[in-house]
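Should a chain be cited, it is by its letter among A, B, C and D, assigned in written order, with residues numbered from 1 in that chain.
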Amino acid sequence: MNILEVKNLVSQLNTEDGVLHIINDVSFAVKEDECFGIIGESGCGKTMTSMSILGYSDRIGLKAVSGEILFKGEDVLKFSKKRLREYNGKEAAIILQDPMQALDPLFTIKDQMIETIRRHQKVSKKEAEKIMIETAESLSVAKEKLNCYPHQLSGGMLQRIVGAMVLSCRPKLIIADEPTTALDVTIQLQYLKLLKRLQKEYHTALIFISHDIKVISMMCDRIAVMYAGEIVETGTRDDLFYHPKHPYTQALFKATNIDGNIRERYETIDGAPPNLKEEIAGCPFAERCQYATDACISGKPEVVKINDEHTVKCRRIADE
Amino acid sequence: MSNVIELKNVDKSYTNSGFLKKTTCAHILKNISLQVEKGTTLGLVGESGSGKTTTTRMILRQEKPTNGELFYEGKNVEELTKEVEEEYRNNVQVVFQNPYSSLNPKMRVGEIIAEPLVITGKYNKEEIKKRVRSIMEKVGLAQDYVERFPSEFSGGQRQRIAIARALIQNPQLVILDEPVSALDVSVRGQIMNLLKRVQEKNKTTYIFISHDIATVGFLSDTIAVMYFGTIVEYGKTEDILENLRHPYTEMLISSDSVRNLSEAEEESGEIPSHYDEPKGCPFAGRCKYATDECRNVTPQLKDIGDGHKVACHNAESITLKSVVKINRRKPEYQI
Amino acid sequence: MRYLAKKIIEALITIFIVTIIVFLAIHSSGDPINSLLPDSATEAQRQELTEKLGLDRPLVEQYGRFVKDALSGDLGTSYTSKRPVLEMIAEKLPYTFELALVAIIIAFIVTIIFGSLAAIWKNTILDRIILAIAAFFKASPIFFIAILAVQLLGVKLRVLPVAGAGTPLHLVMPAGLLGLAIASDMTTLLRSNMIAVLESDFIKFGRLRGLPEYKVILKHALRNSFSSVLALSSFIFASLISGSIVVETIFAWPGVGILSYNSVISRDFPVVQGIVLILSILTILLSFTMDALLAMLDPRIRKSV
Amino acid sequence: MKKLYKQKQVNSLPIVSLVVIGIFVLNGLFGSLILPKDPTETDLVNKLLPPVFFGGTWNYPLGTDELGRDVLSRIIAGGRVSLIVAAAAIVVGGIVGTALGIIAGYYENLADTIITRLTDASLAFPSILLALLLSIGIGPGEKAAIIAIAFAMWAKYARTVRSEVLIIKTANYITQAKIMGAGDLRIITRHILPNIKDMIIVMVSLEVGMSIISEASLSFLGLSVVPPTPSWGQMIADGKNYFQNGWWVSVFPALITIITVLSFQRFGNWLKVSKGGKA
């Protein structure tokens, strides 16, 4: 059963210099304890999508124009403030990118964890402490570290503490927004493996957001590729890894030099992503795509189903 | 075979004299010896706390080594005459990681690129204008960008401006301190190809610094892997990537290449702190091949065959898995 | 702890510099004698006073004597009332202290309430009103508001006593006005700090953990933004001290301020010198306590230095 | 709590404030030429005449004070001392303060500790206290007030500029300039100054208001201009004991002070918003 379904979500961000079309008709679904990846470069709207899913869009001036976000059948966009407070942290939670900024510098780790636990579970202080230590242990965080202040700990340790804080409330859905980008490479692998194990253990759905295709391929069962506010391709990891269809996904694999081998020259994608001020009539990747035709530029390509898991939004594939 | 830059047994340590608490002393660099041949690229790979940034600051003369010497074209940097000092300044340039903080927001692009020439004071206005135009063209920047301000450019374009500024004096050595880490994947390739093209054309020597071994491998002829202030492995790129000998290099490479997570270890430990340095090999705490000897005796860098140096007691006995192949001949990527 | 030790030394050095400034300012006119004696004084009187005050000896020696006396508590004797300066000041100081203390409390309360309100409801009418009032208080000289208040509350409505001390009612107007004057600076400061804090990651993460809004604001946002206000408090305490002198003069509050005003008119220079010394030391101590408070609030500072 | 999205604040030029500032400056410079009456000439016959709309005559548009002196001309004349004080505060405070701030921030060695201690000391020394001392020393008068205010002002600039320079120094383009061999002077003039220029302009416009108020407070306590020559603070002080039947004596100079200071602040905030954006 799908724990989360995003249906034709269209959102706009109002900024000082005009309205930006951040999310254009995004649809995807996430099953119960599945790890769903969203890959895309900076400015493609992946973080904004996660903010909408968590009902935080209002605070950052993001307005959902149409579409709905069904969390276990309930539309998050229509949540009341009270309902939102139940939903945040208890049912859906987030792990932010930079652990150094994610915790209040003036309070100890213990203080902030107890605060979170007691918010969602009506337990005594003693009880909450037990849960805290137990969850921290499952993320191999030593007990005495909990009494420190955030600035005294390393990035890797802090990110594990944030993980423990989130998992202690047993949320049904966790969104990890580039959790390892700020960490050292060797620590990164540790954290990913830990997150994967706990995701299975705590039966939570995980939406993993990253710009790095290698990290996503390691972590996720199904992956969606996002470009300029639209999902251009979704599919299982093997679908995308071995036979990516959309020209942008292919270019991304080539540019990332996925097998790590050293070559004569880097593959690049010429041009730059479109600015999101105006509505894009056709396919957003049209100007940078080598197979682009006039049809691509004028009309929106419709979604083509390759197999029941693999879908592509590209006119060239549709014609095949 | 003249080395542009050479470091010999360089140490660097900071002692902050504690007013009330005891004086603490952090050894940031321990016995670093490195050299860069003219026209080649030395790759410096290391994570936070490895000392790679301090090493670059030393080569850029922003830091003085606690002991050990730095040589510029065979001459000790401390005894350089005034003219050679000047020459050193024009011949060693740097490109930093963060494109948003390495350009003065209040200066126009033309002025930024021309600044190195203006500082030397040896060129008239016309000459500067001409050189700025030609270097901008070489790095792929449109001419009409000269009047614009940095805030109007994307990360990739800003890095091109920084590169243009570094190359305008046709320097012998350019230090690239993580030039592409802050850029998006698609733009990263453009900058790397640009750097390679520039080196092929005017034989510029590079020191390429990064935490990502694959990007370093692309440009470098020789690589030095740094961990916790020491060099743990040094050699030609092929040696380092294809028959690596140090467990940390293996961990670096494996962390970067794609495979399912089952092989990774959850407990691969953390970088020790400079204030309570572990005895013996700094990597012992995280190394799965560590023996008692490793935990007590600090391994020294020793040559294990035509220039391939390793600082590990059981370098010969352990077999390490390499996942990276170097096929510089095959440019195309097949999906 | 080291942080506090360092701060104490800094405060001592600053006080030392202040004594030099005070000394130089007094002697800036070269010959203070003619400003002390009426022009008609004979040459003999002039000579006699110079010896008595030791004004003929080299400056450095005078300064030495001045500091030695100050340390031993002898700030000279007042010309007009012939009583030791320290004693006069000690008599009046509690009043000024009381006034300053109540003013600070009022200022803190007003700042916390209105600063946070303006930050939370950013760019709304409420925010604009608070900013307008703060700007008005900042722009208008404190004594004019005092005069208005005296007319309105004191004379017309006869609600509050206009002068002197005694019942707590006497304290309301002077301390209130002084508090509001300081609060105007601090409110705008707290508002801008809090707006920045509210957009930070740990507030976003706090909200996304489901913490109730009142906890996010009162516990996390306020404490962080308030600690950055404390860091800039030394500006504010300078205006507190100068404000108190003005307020005391208007409301005839028997504090050190009015004493300094009267002794300027009566040209009683040791008293002025003593008061200025004590008031500036008071300011330094106040900003030192703020630093200490800041160290308690922010663990990063405690450990850093 | 519906959060209003950051719509584009209408950031039009504050014309009113500019007009007021213009009048203030012109009046300060040339005011004495257009004085309707001699501000110091007393005329006890028509003492405490109300302003023209409250029963007074056009002869004394803003009424007269307790000695029959014309309030309007005294305000015009009083403007002079306020302008001088404001100008002195900018010149001394702004230039000296900024220079010391840059040196302290940039060189961060002995110079820094000395300057910082000096700033702390003079910050702990509100202008009123210094004025008290100076009034004993060199006697009350314009000179004492200007020195007192400028002395307190430079410390504010020095401290703010120093903290700003410390932040800018960490940016790569400064290290880049050092590596390219740029001398300290060039780095300061080409890299540091342009980046703190906006902040200083904003601060100057806000601090001018403060200096006018300080001068008014000093003259209120009789520490600034010696009585015959008029000053706004002094007028407010004199008017305070005739408030019952001569409210205008205090109210008009106070209103002028507030309006001037408010327009400086409004202009400063407008600068901050419009200038801040471009960096």
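Just so it is clear, a contact is a pair of C-beta atoms (placed from the backbone, for glycine too) under 8 Å apart; a residue touches a chain by one contact, two chains touch by 3 or more.
Source: prediction; values computed, not measured.
A.B. asks: What is the shortest path, in steps, from chain A to chain C when you may only step between chains that touch?
C.D. replies: When the steps are counted carefully, the minimum from chain A to chain C is 1.
A.B. asks: Considering B-D alongside A-B, which chain pair is linked by more C-beta pairs in contact?
C.D. replies: Taking the two pairs in turn, the one with more contacts turns out to be A-B.
A.B. asks: From the mean C-alpha coordinate of chain A to that of chain B, what's the distance rounded to whole Å?
C.D. replies: 32
A.B. asks: Please work out the Cα centroid separation of chain B and chain C, and write it as a whole number of Å.
C.D. replies: Going by mean C-alpha positions, chain B sits 54 Å from chain C.
A.B. asks: How many Å are there between the centre of chain C and the centre of chain D, using C-alpha atoms for each centre?
C.D. replies: About 20 Å separates the centre of chain C from that of chain D.
A.B. asks: List, in ascending order, every residue of chain A touching at least 2 other chains.
C.D. replies: 59
A.B. asks: Can you list the chain C residues in contact with two or more other chains?
C.D. replies: Residues 213 of chain C touch two or more partner chains.
A.B. asks: Note the residues in chain D that touch 2 or more other chains, in rising order.
C.D. replies: In chain D, 3, 6-7 touch at least two other chains.
A.B. asks: Touching chain A in the complex: which residues of chain C?
C.D. replies: 200-202, 204-213, 215, 219-220, 223-224, 227, 297-300, 303
A.B. asks: Looking at the complex, which residues from chain B come into contact with chain D?
C.D. replies: Going through chain B, the ones touching chain D are 60-62, 86, 89-90, 92-94, 96, 98, 101-107, 115-116, 119-120, 151, 165.
A.B. asks: Which residues of chain C touch chain D in the complex?
C.D. replies: My answer: residues 10, 13-14, 17-18, 21-22, 25-29, 32, 35, 120-124, 135-136, 138-144, 147, 150-151, 155, 213, 234-235, 237-239, 241-242, 245-246, 249-250, 260-261, 264-265, 267, 269, 272-273, 275-276, 279-280, 283-284, 287.
A.B. asks: Note which residues of chain A are touching chain C in the complex, please.
C.D. replies: 54, 56, 59, 85-90, 93-94, 96, 98, 101-107, 115-116, 119-120, 149, 151-152, 162, 165-166, 169
A.B. asks: What residues on chain D touch chain C, complex-wise?
C.D. replies: Checking each residue of chain D against chain C gives 1, 3-4, 6-7, 9, 117-118, 120-130, 132-139, 152, 156, 209, 213-214, 216-217, 220-223, 233, 236-237, 240, 243-244, 247, 250, 254, 257-258, 261-262, 265.
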